[in-house]
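Both of the next two complexes hold chain A, though its partner changes from chain B to chain C.
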Partner chain A sequence: MADLRINLAGIESPNPFWLASAPPTNSGYQVQRAFEAGWGGAVWKTLGDPILNVSSRFAAVSFNGQQVAGFNNIELITDRPLEVNLKEIYETKKKFPNHAIIASLMVEPKQEKWHEIVKRVEDVGVDGFELNFGCPHGMAERGMGSASGQVPALVEKQTAWAKEVATKPVIVKLTPNITDITVTAEAAVQGCADAISMINTINSLAGVDLNTWNTIPHVAGKGAHGGYCGPAVKPIALNMVGECARNKHINVPISGIGGISSWQDAAEFLLMGATGVQVCTAAMHHGFSIVEDMIDGLNNYLDEKGLKSVMDLVGRTVPKYSDWGNLDLNYKIVADINNEVCINCNKCHIACEDTSHQCIERYTDHDTGKPMLKVREEDCVGCNLCSIVCPVDGAITMKELPQTLPSMTWNERQALHHAFAKNK
Partner chain B sequence: MKELSSLERNFDEAYSGLTPYAALEEANRCLFCYDAPCIQACPTSINVPSFIKKIASGNLKGSAKVILDANPVGASCARVCPTEELCEGACVLNHAEKPIKIGDLQRHATDWAMVNDIELFESAPNNGKKIAIIGSGPAGLSAARELRRFGYAVTMYEAEEKAGGLNQYGIVSFRLPQHIVQWEVEQVKKLGVDIKTNHRVGDNISVEELINNYDRILLAVGMNTVPMLGIEGETLNGVYDAIDFVKSTKRTITNDLIGKSVAVIGAGNTAIDAATCSVRLGAAQVQIIYRRTINEMTAYPFEYDFAKQEGVEFRWLSLPKRIIGDEEGNVIGLECVKMELGEEVDGKAKLHEVKDSNYIMQVDAVIRAIGQTRHQALIEQFGLKHNSGIVEVDPITLQTSNPKIFACGDVIYGNGYGDATVVSAAQQGKDCANIIHQQFNNISEIA
Partner chain C sequence: MSEFVQVAAEIAQLDELLDKEYKIESIIENLDGSQVILKYDNHQTELNITTADARKYLSVKLKEQMEHNL
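This part shows the complex of A and B:
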C-alpha cells in the first residue's frame, strides 16, 4: 500500500482525488456523500452573489455509441445564499476534518469584494480557496469568470487582493479559452498565488437538433455557448498542465483538471506535473463511487512501480516534454504487423493506402492461402496510424530501427546552418 | 377454443429481434473492415459494413436500401439465413471475441423499412419486352423485381393461393412470419409485376401459350412433394408429407396433435421445421428418426440447437421399416431397425442394419421429411433437358436447353450444383435478370 496523501501548497488531503467546483459539490449533503465514498477533497461550487439559473443546462456529446465523450453546461455559480453554503461548509468540515474543503470564489473585480468574501469564507474553516477565473459562460458577460481570467493584469490584481487577506492557500483556476495559458499562469504567480488549477471548461456548443434546428441545449428555443469538459478535453488539459509545469517562471503546484475519468488519467496528470487532480464529469456520469477504483487502481499501480508515495509520481514526465524543435530528426520507428494475431479487418491497409503513405501491402500466403499484410519498411514514416486504427492488441507494434545517424534536432540543425553561414 | 388460440400464439415469431439500443450497440461494434469477408461470404454480396454503419448513423432508410438492393428478399433472409455459415461465420471478430450479429442487424433495418412502409425502388419505363416467371418463391421474386427495374413487363404464375413460394409455405411461421413474406411480395407488386396466383402452369395456362406470348420465360418452380418412404403403412391416417404439414399451419392451426406422439423421418431443414411445428401444435413427444448420425445430418447446427431447445428428441441410426395402424386405419406405431456405420465408400460410411434389432415405437403420427421430389412433369412439358427432375442449365447464363427459357432456384439445385438456401435462390434470380437484360442489350447493340 503506497501513501496516497498529498500536500498541495499546504493543503493536505488523504488522496489526490478532489471533486471539482461544479454541480457535484453544490451542497453539504453532496460533499459529505462524496467524502463517505472516498473522495479526498472537494472544491465547493463557486460562492459569490447567488445567481439565477436557466432550465435546460447540460448537454453531452456521444461518439459511436459511447455516451458522454464530452459534456457541455450553461449552469452558473451557486444559486444558494452565501450563509447557507457557509453553514454547510462548516458542518461538513467538522464531520470530515481530514478531508480537504476548498472554497471556489467568484466576485466582481473589486478589492473590497474579494476582501469581504475571503474573510467570510475563511471563518468557517476552509482549507484553501480557488479563485474562479475560468467559467466561460454567463458570468463572463458580467465581467467575471473567464472574462477576467483572459486578462493577465486582472488575474494578477485579483489574486493579490485575495492574498492580501487570506491566511489559507490560494489556488487560481485558469481558463483554457486563451492563446497561451502560461501567460495567465505567470500572472497568477505574480499575484502571489500559492497554486494554480487548470483547466476550466472550453467554450462550446454541444450540438444542433436536426429536427427542430434548435441548439443543444436550448432554453425556450434559444441557445448560448457553454463550457466543454469530459473525456474529450483531456489531451487539451494535459498539454496545458505540461506547458505550465515545464515553465520555470511558474513555480507553484498545479491541480490538474480536465476529463479525468480513471486512475490512469489521474496518473498521467501527476506525471505531467500536477500534484493532485479534480474530477467532475466522470462523477456526474457514474456517481461518486467511481473514486473507489481510482484509489485502488492508483495504489496497485504505485505498488507495481515500487513507489512508496503518490508524490513520487509528480512531474516525472515533465523533463521529457519539450518543443518540437528539440525532437530528434534521426529517430526512426516503423510498423511491424504480427500476422498471427492479425484478424484481417484490413483497417490498417486502407488507412495507410487512403490517408497515409501507402506502405501496407495485402498478399496471400503461398502455403496456407491465408490473407496476409506486410509493411514496406522503406516507405513507412512511423506515423502510428495503422497501429491506432488496429482493433486488436498486439497485432501492430511500432518498432524502433537501429539509429544509423547521430541524434540531430531541428534546433541543432538550424544552429549548425547559422554557424556555417557566419563562418563563410 | 382457448386452447386453440394459445396454439396460434405458438406460431408467432419466436424471436422478437434486437431492441433499438441493442442494435445501435451492436452496429457500433462493427469494425467497418476494408474488403470485408462478410460481403464475400454473402451469396447476394450485401455490403454488410455499409448497412451496419448506416444503422449506427441513424440512416435506417439507407441501410434498408443497401440490403434490399442486393437482396430483394433481405427481410426473409435476415430471419432464415444460416448466418453462422455465411456472413457471421466470416466476420473477423470471430478471431477476437464474437462475430457481429449481422442477421439481427439486417432484420432491424428491414423491419424499419417494413414498419415505415418506405418505397425504396422504382421500375424503369417499359422497354417492350415481356417475361413470364413461373413460381413466386425467392428466386422468382428476386428476378421479377430486377427485371422491372430494367423495364421489362413481368408476369408471374403462382400455383398457390398466395405468392412467396417456399418462404410463404415451406418455412414455419415462428421463424418466418407470413406478413414478412407478403411485404416482400408487395414490394415486387408495387413495381408493376403482375402476379397471377392460383395459376398452375399446365392447368390454367398451357406451356405453349407461355412460350408463344413471352420473349423469355424463367422457371423458378422450386421443388415438389416429399417422396414416399417405400414402406408398409404410408397411407394410414396420421402419415404426413412434411411440406404439406408445414403448409397446413399457414392456413389454420388445428388441435389434432395435442398430446400426441410424433415421429419425423429425416434430419434436414424441413424435418426440423416439421418437428418444431409438431411441438408447437401441442404434441407431447416429438422424435426425429434418422438412419445416420448427427455428423451426417443436413440440418444446420442452429436448427439442431433450436429443435433441442423446443424439446425435440433425436434417434440416430434408426431406419423406419413399417408404419403400424389399428383397425380403423390410424397410425399407432412405427417399427424401426437399428443401423450401424460400416466402412467408408467415397468418403461416406456404408450403412448396415443391425441384425435382430427391430423395435416398435408407439406413435400417433409419422411425418415424412426425407427430401423433395421434382416438378418433372412440368419440366418435360417445356421439353427441357433434365437430370432426374433437376433442370440442366448453362452454369454461366442459367439458360436451359431451350435458350428462351432460364431456370433458377431449387429447380436447378442438386447434382453438386448450388445450395438450397433462400439467399442463393435470390442471387440466382438476380443473375437471371441481369443475363436476360445483358442479352437483349447485346442484341440491340448488334442491330
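This part shows the complex of A and C:
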C-alpha cells in the first residue's frame, strides 16, 4: 500500500482527493458525510456576503448516450449566513481533525473586505483558504469571481490583501476564461499565493430547447450564461495545469480541478504537476462513494509502478511537456491494421479518404475473397485519426518507424536556416 | 497521385545535384514552399521544393553542408 498522504503548501490531507468548492460542500452535514466516505479534504462552498439564488440552476450535456459529459450551472456562492457556515466548519474540523478543510472566499475587491472575512474564517480552524477568482456567472457581473480573476493586477492585489492577515496557506483559484492562464497564475505568485488551483468553470450555455426556444437551463423563460465543468473540460484543465507547472515563474503547488471522474484522471493531473485534485461533477453525478474506487485504483497503480508515495508521481510528465516548436519533425509513426481483428466496417477508410491523407486502401484477398484494408505507409502522416475512429480495440495500432533522418525540431530548423542566410 | 511520389521525386532531384557536388547557395521560403539555389563552379540551378517531407529533408541536407563547412 502506497502512502497517499499529500502536503499541498503546508495543507496536509490523508489522500489527494478533495471535494471542490461547489454544491457538494455546501454544509457540515455534506462535508462530514464526504469525509466518512473517504474524501481527504473539502473546499467549503464559497463564503461571502450571502447571495440569492434562482431556480432552475443546473443543466447537463449528454453525448452519444454518455450522461453528464458536461455540466453547466448558474448557482452562485453560499446563500447561508457566514456565522452558520463557520459554526459547521468548526464542528466538522473538530470531528475530522486530520482531514483538510479549506474555505473558499469571495468578496468585493477591497482590502478591508478581504481582511474581515479572512480573520473571521481563520478563527474557526480552517487549514487554508481558496480565493475564488474564477466563478464566471452572476458574481462576475458584480465585479467578483472571474471578473476580478481576469485582471492580473487585481489577482495580485487581492491575494496580497488576503495574505496580509492570513496565517494559514492561501490558494488562488484561477479562471480558465482567459487567453493565457499563466499570466494570472504569475500574478497570484506575485501576490504571495502559497498555491494555485485550476480550473474554475468555463463560460457556457448548455443548449436551447427546440420546442420552446428557451435556453437550457432557463428561469421563467430567460437564460444567462453559466459555468461549464465535467469530463468535457478535462483536456482544457489538464493543459492549463501543465502550462503552469512548467512555467519557472510559477513555483507554487497546484491543486488540479476539471472533469476528474476516476483515479486515472487524478493520476493524469498529478503527473502534469498537480499536488492534489478537486472533484465536483463526478461526485454530483455518482455520489460521495466514488472516492473508494479512486483511492483503491490510485493505490494499486502506485504499487504497480513501484512508487511508495503519491507525491512521487507529482510532475513526472512535466519535463515531457513543451512547445510545439520543440517537437521532432523527423519522428514518424504510421497506422498498422490487424486484419485478423478488423471487422471491416471501413470507418478508418472513410475517415482517411474523406478527411485525412487518403492512405488506407480497400482490397480483396485473393485466397479468401474477403474484403481487407491496408495502409500505404509512405503516404500515412501518422495523424492517428483511423485508430481514433476504429470501434475495435487492437484493430489499428500506431507503430513507430525507424528514424531515417536525424532529429530536428522546428525551432532548430529555423535557427539553422537563419544562421545559413546570415552567413551568406 | 500519391504525394509520396512527389516527395520522392523532389528528394531525388536534390540528391542528384548534391551528388554532383552542388552546394546549397540560398533558400527562400515563401507561399509556394522552398526555392533553392544550388551552385557548383560556374553552374547554378534552382529547385522548387514544395512537399513538406522534402522540405524536412532539405533542412537535414543544409545542416550536413553547414557542419561540413565548419
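Everything that follows uses one rule, which is that the second predicted complex is superposed on the first by the 424 of 424 C-alpha atoms of A that agree within 3 Å, B and C clash if a C-alpha of one lies under 4 Å from a C-alpha of the other, contacts with A are read in each partner's own complex, and residues count from 1 in each chain.
What we mean here is this: a contact is a pair of C-beta atoms (placed from the backbone, for glycine too) under 8 Å apart; a residue touches a chain by one contact, two chains touch by 3 or more.
Every value quoted in this text rests on a predicted model; they were computed, and no experiment measured them.
J.: Identify the partner contact of A:355: answer first if only chain B is touched, second if only chain C is, both if each is, neither if none is.
T.: In the superposition, A:355 contacts neither chain B nor chain C.
J.: Which holds for A:322: it touches chain B only (first), chain C only (second), both, or neither?
T.: neither
J.: Can A:346 be said to touch chain B (first), chain C (second), both, or neither?
T.: first
J.: Please work out whether A:330 is in contact with chain B alone, chain C alone, both, or neither, and reply first, second, both or neither.
T.: In the superposition, A:330 touches chain C alone.
J.: Who does A:379 touch here: chain B (first), chain C (second), both, or neither?
T.: second
J.: Once the shared chain is lined up, is A:421 touching chain B (first), chain C (second), both, or neither of them?
T.: The second partner, chain C, only.
J.: May I ask you to decide whether A:391 touches chain B, chain C, both, or neither, giving the answer as first, second, both or neither?
T.: first
J.: What part of chain A is shared between its chain B contacts and its chain C contacts?
T.: Touching chain B and chain C on chain A: no residues.
J.: Using the touch definition up top, name the residues of chain A that touch chain C in the complex.
T.: Residue list for chain A touching chain C: 329-330, 357, 376, 378-379, 405-406, 408, 413, 416-417, 419-421, 424.
J.: Can you list the chain B residues touching chain A in their complex?
T.: Chain B residues touching chain A: 24-25, 27-28, 31-37, 56, 92-93, 95-96.
J.: Where on chain C does chain A make contact in their complex?
T.: The contact residues of chain C facing chain A are 2-4, 24-27, 29, 56-57, 59-60, 62-63, 66.
J.: Over in the complex, which chain A residues touch chain B? Could you list them?
T.: 64-66, 343-347, 349-350, 362, 391-392
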